[in-house]
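Several structures are given next for inspection.
Each of the two complexes below includes chain A, the first together with chain B, the second together with chain C.
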Partner chain A sequence: MSHNSKKLLYSVIGFLVVAGVVFGLYTYAGQEAFIRTTLSGLTLGSLFFLVAAGLTLIFGLMDVLNFAHGSMFMIGAYTGWQFYTNPTFIFGVLPLVLAFATTVMLIPVIKPRLVRLDLSEAWQKRLPILTYIAALLVAVLALVKFDILGLAKTAMVAVTTTSSNPLAELSPQEPLLRFLLRLLLLMLSGAFIAVGLSKPGNRTEVSAPEPLKKRLILPVVLFVLTIIFTLVRESASEGVLLMNGNLRFALAIIAATLFGFLLGALIEITMIRPLYVRSFFIVLMTLGMSFVMRELVQVLWDPLAYQMVRPPLFAQPGRATTIAEWLMNGSSTISIAGVTFPTYRLFVILLGVVMFVFVTLLMNRSRLGMIIRAGVQDPQMVEALGINVKRVFTLVFALGVALASLGGIGAAPFLPVQPMMGDQYQMQGFITVVIGGMGSYVGAFVGAMILGMARAFGDYFALKLQLSPTIAEASTVIIMIIVLILRPQGLFGKKD
Partner chain B sequence: MMETTDSNRNLLSVEEIDTYIGQFHILEGVSVDVAKGSITVLLGRNGAGKTTTLKTIMGLTPPRNGRVIFDGQEIQGKQAFKIANFGIGYVPENRAVFRALTVMENLKLAERKKGDLDRHADFIFELFPDLERLSKLKGNHLSGGQQQMLAVARALVPDNKLLLIDEPSEGLAPILIQQMMEAIRKLRETTTILLVEQNFIMASQLAERYVIIDDGKSVHRGLMSDLVQNQDLIHQYLGASIQAPISTSEVQ
Partner chain C sequence: MKSNNRKKDIGFIIFVVLAFAFPFIFSLLGQTSLTEGINKFWQGQLINFFIMAVFAMSYDLLIGYAGMLSFGHAASFGGGAYTVALLLTHVAPGILKSYRIFIGNLNITEIVILIMCFLAAILVSILIGLLFSASAMRVKGAYFAMLTLALATALNLLARATDFVEWTGADEGMHGVPVPMWINPTQNRLTFYFIALTFMVVAYLLMKRIVSSPTGRVIQATRENEDRSRMIGYNPVTYRTLAFVIASVFAGVAGGLYSLWTTSATPSMTSSVTTVNALIMTIFGGMGTLIGPILGAGIMQIFSQFLYTWFGARWPLVFGIIFVLIVMFLPYGIVGTWRLQGFKLKQGWQRLLGMLKSKD
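So, the complex of A and B:
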């Protein structure tokens, strides 16, 4: 009972503090500035939330601090920007990746045979290494003289010359025959990997396999996709560019989110899973990975900053007075209680709120959410109930990266797209998680909004009182320190 | 050792398992047989290795040597979730009910197929009527006894052939111990149970067979009715803390 009344007391105090601060700011700044700054704060808060939600879910369930989260935000922005401005690069590389994945995914098909092979123990160790070397050599051969940089540059051209005809920038892809040879070689390379990963000769890996039909589904689907995307390499780019800009933007968001999801799953399975027993190495590994991703992006698109063109729904000059008017005309600004505000930023706020609702429903209404809430406390017991916890870890990691990636493409139309764009968001994401409480998505949302507001009002005061703009950045750290003193476990953290 | 040859009557045979936790050699050649449709109890002092034996069967601390044969299949070395899906339910000693989940969600989580809970709900709530009343309460609001009931109930949601139950009476008030005993007795009608129980009275009334674990080895096994007569053995391995068994009538 006293526990509950204490909780009530804290809520009342919290509410009074918030109300007091809001009222103080309102009277001090006046309505116009207050609304404008609040909306800016919510915009930032939405982006902070998209980064922090993944961080906090991943940390809560797996105790993993993902220091590559900011880079994944950045990758999302690049993917979406590429898809939106000129998808030549994406469609040029996609069939290669699909071809490789097709044969790697044959593992469940070939494994039951391979583990039954009669191999000496020495060969059981040697054979996978040999296959990996072979895979690498074949893959290098497959990509000889593949002009990946040329493909990447196509979108850079598109940025510098915003011509009226979007197709003017499309460059032709390689001749089909040469490309097919690459695909075949990559499939061979993937097959080598699959053989190595199947642990040939290792009989302890025998387990009752699912029916062959079921095991073949994924490889067959991938193979069909490989063929389709090979045939549409050029026409797909054209098709995308001739699309309605809003639709293209929606597809860019989906592409970036999906890519983030798959990238996250891949990273978890290949690099993080072997390290759960040594969690400190995970920190080093993700940190290293963030550098690799940044360098890779710099090699492909040069260390430049790009400005993604805003989709038509947010691009027409002029100010709408109502939401209906905005949606009809695609106005770039809208008047809210007399304040002019960019419509795209409203969209970002909406994105954050929608994703918060999505995560809330996922956590409370779905079986996956139930598993996550239980797994945070005791993953071993969840596993003892017959649930494949490893797969859940992969899913949650992938989901977290997908959210960061979504944040990236969400930010792309109003932030410069550049290799370091995720760093600041990662930092703010971590601070958000600390303020909100490790593992709590509600905490991530509240924390993100508090930080967003602090940044926005910090900037406002810095400008008004002619202070250094670093005061806005310092404010977030000050808030974190205050929270840590009053509630070390964070606003919504469970005591542990 | 005679029983091991009679493998078609044993639902579970644990054969000479060695389990290490880190570098510590915790189990050294433990063997346990559980006949189909029976209750077998693991006895032994604190720290003897009873919990580790259950965890090893479950795949949570896989054995380095030895075999675990369940329902005719070798299951040692498989991942825990796969072992569970063969039809083994686990009730851990720390009552690991999920605090952030409601009673209903705790039960739902244990489903392996859709509808598992619906099919068994009547049976579960008949055994533990409290749980139905508390179904919307979160795990962290339950009393110790209620948590223990929930932990057992959770193992009854899917169709399990074998239940591993670790100290169900630990920390329970006498009335609740009675209720738990009744529940386990009813479970025996449909499933096979491997029990760990420090409360010798409860153990002796429930189980047909016993295995004594001492210092990581299985040192004795046999019929419970024989052990009850053997005061020396009881004293030697189970310690003076356990009183001589009282006859059934006195307890009830």
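So, the complex of A and C:
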């Protein structure tokens, strides 16, 4: 049998199986329950996709199993929640992160000079360690007496008090001069890290540099952003709080996604890149990072679960019959084919589908996507063709983390925001990636939808047949094992 | 090489003697009671350390010696714990009521039942090891990590399932397992201390024997180069399965003992957090050594005490940062780095001697 007809046969069999299962469920559950469960499944599937898309791209391109992905999901939820309820903390800390990032991103500027230095082999090893220690000391010095806990508490207070004045909980920040000193010290710390990461004296790293102008773009942009955010750090949170709730939520989504992107890029450059030579340790590193992030969140906001207020577009009581009516009144539920369904979940489904379209376009229509697709096949060859693979790695890692972060803020209004919220999604993300096939975003989408449906219908059957709700969770593992037996490389994976 | 080994042996013997004498020395020095108060507290800390050390060593057998990054090791640990706890709670009382076993005039019913429990735990952990191997052994690397994680999650779900609530207690787990009086850690802690210590020593010696046996060598060869070991006629899948089952058995027995020590079996014992704990201990001490995990377990046990008093409830943050730093800068752990440095020192010393000699 030829390759094509085999493929056709498999597609037909797959289609028949799916159609059979759908028809069976439809006749068994009845129309209303079927539609409601399907919609819940799609909601879950969207979130799973947002987590799994990053995982599968990161794994496919650089063979990195990111165990910190669930924590990134959680961080995204926390960032969005903070931004939405009281952005004082975010605007207070953001300039510090940006200042640090500015000088870390100087690596491409200083590297060509540093690698040409004449250093003995012992010093080549010693110098980076010394600079890291110096960076740590300077960073500690920069954060001395910085009231980060006080800043973090502002949003917690905002949750508990229901004052009509949105600005009631704003707290003054420390004087500008002292803050500028902190910024300078953090920049110095970042510069030390950049020196250490450029591997001074290592001539194997010598390569033809790009024009200086191009290399300076990113640091200059970050520097300008640092200055802007330093100047507006008090007025900005005021401005955000006075905004319309829907606009603030949209901004919170963007903020969480961008923060995820920046965090991902920083983590890849400073912590994962030095470990590519010992890939086994990358897993341990991401594991350690997820540990640290989870604990850090608990230090800042106590080990509690928070409920984020839904934005006004999804909060008004009442049921809309059409989408136009929902958009006009901001009703909390909408009736779809006679089934009442929360509008916010509809929004999450939309988010997942939009991101799938975005990733598809990015992968198929852009130059970056072309490079990623080629890199999944053979990274060495791509590097040999003169493409800076390291930068692509950083971009993909940052993109993956940004997607997880987006998933986090998407989930925040209907899940409790708490330190462990990402763990379950990470687990499902792993299973999704195994089902869909490593490195395939289409596989991630299909796998996520299958898992979402399995969870939703598992819950439905558990409720109807009075089984334990564990059935729903176990069903995903069972599906994974079945897929692995039938097709070890995953549904859309390529054979090794 | 041989003298080096002997040195290590002597170190271990000193450690064992000190550990055996610890409760007596402690009570002599502090003028405290042997079985009460602060002495009892530290005995408890050490018991925890001994059990976790065996668990970490068995994990090192997997990641250090066989080169398999498994995230499902807690399944064996929890499997052992649940087996012992279930049998003691639901089966043992019935047997104790109707049968008595004597050697001469000595009633050894409880001892026999306990031994049976542990044999069952070994059987269960062998089964778990075989199940995991059968489904995950043919894949490698990240797939293996994910598959083992998913399988362990399945077991964790089973432990939390509400369908078996009258047996396993679901989310609550089982508490107040009827541990026989003579080994009960609250009443006879000193006995339990010696049993746990003996268990650790025996486990260490056994594992040492296993890794230096021809089979152990083949397992390490598979880690280094799978194709080559297949070329010379050793099937890597067989040997990795063997390593997995051996590690699973040690973890299962450690889990059984742990359930006696805590008189409970909870779902958290089968969760990935338990695996990660073992992983952290192993990385701390040094992969690919047996002393390393013991050291790592000890450090974690003692560190957590001090960090708790210094930093309060959020001490894991400090611990996590130290872990990240170790992964970045000391990838071979404490023992591995120590050995490397020792080798370097020796080399430098020899070079110095050589230079002096050539000057003469």
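Throughout what follows, the second predicted complex is superposed on the first by the 410 of 496 C-alpha atoms of A that agree within 3 Å, B and C clash if a C-alpha of one lies under 4 Å from a C-alpha of the other, contacts with A are read in each partner's own complex, and residues count from 1 in each chain.
Simple rule for what comes next: contacts are C-beta pairs under 8 Å (C-beta built on N, C-alpha and C of every residue); 3 or more make two chains touch, one makes a residue touch a chain.
This one's a predicted model, so the numbers in the text were calculated from it and none came from an experiment.
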Superposed partners chain B and chain C on chain A - clash or fit: fit
Partner chain in contact with A:Leu242 - chain B first, chain C second, else both or neither: neither
Angle, in degrees and to the nearest 10, that opens at chain A between the C-alpha centres of chain B and chain C: 90
Touched partner set for A:Leu212, first chain B, second chain C, both or neither: neither
Which superposed partner A:Met285 touches (first chain B, second chain C, both, neither): second
Partner, of chain C and chain B, that touches more residues belonging to chain A: C
Partner chain(s) touched by A:Leu327 [first = chain B, second = chain C, both, neither]: neither
First (chain B), second (chain C), both or neither touched by A:Ile371: first
Touched partner set for A:Ile387, first chain B, second chain C, both or neither: first
Superposed arrangement (fit on chain A Cα atoms) - minimum chain B/chain C Cα distance in Å: 14
Contacts on chain A seen with chain B and repeated with chain C across the two complexes: none
Touch list for chain A against partner chain B, complex: 204, 207, 367, 370-371, 373-374, 376-378, 380-390
Touching residues (chain side chain C, partner chain A) in the complex: 69, 135, 138-139, 141-143, 145-147, 149-151, 153-154, 157-158, 160-163, 276, 279, 283, 314, 316-317, 319-321, 323-324, 327-329, 331
Chain A partner contacts - residues on chain B that touch it in the complex: 58, 60, 77-82, 84-85, 90, 92, 96, 98-101, 105-106, 108-110, 112, 154, 158
Chain A residues within the chain C interface of the complex: 59, 63, 65, 129, 271, 274-275, 278, 280-281, 283-285, 287-289, 291-292, 295-296, 298-299, 427, 430-431, 433-434, 438, 467-470, 473-474, 477, 480-481, 484, 488
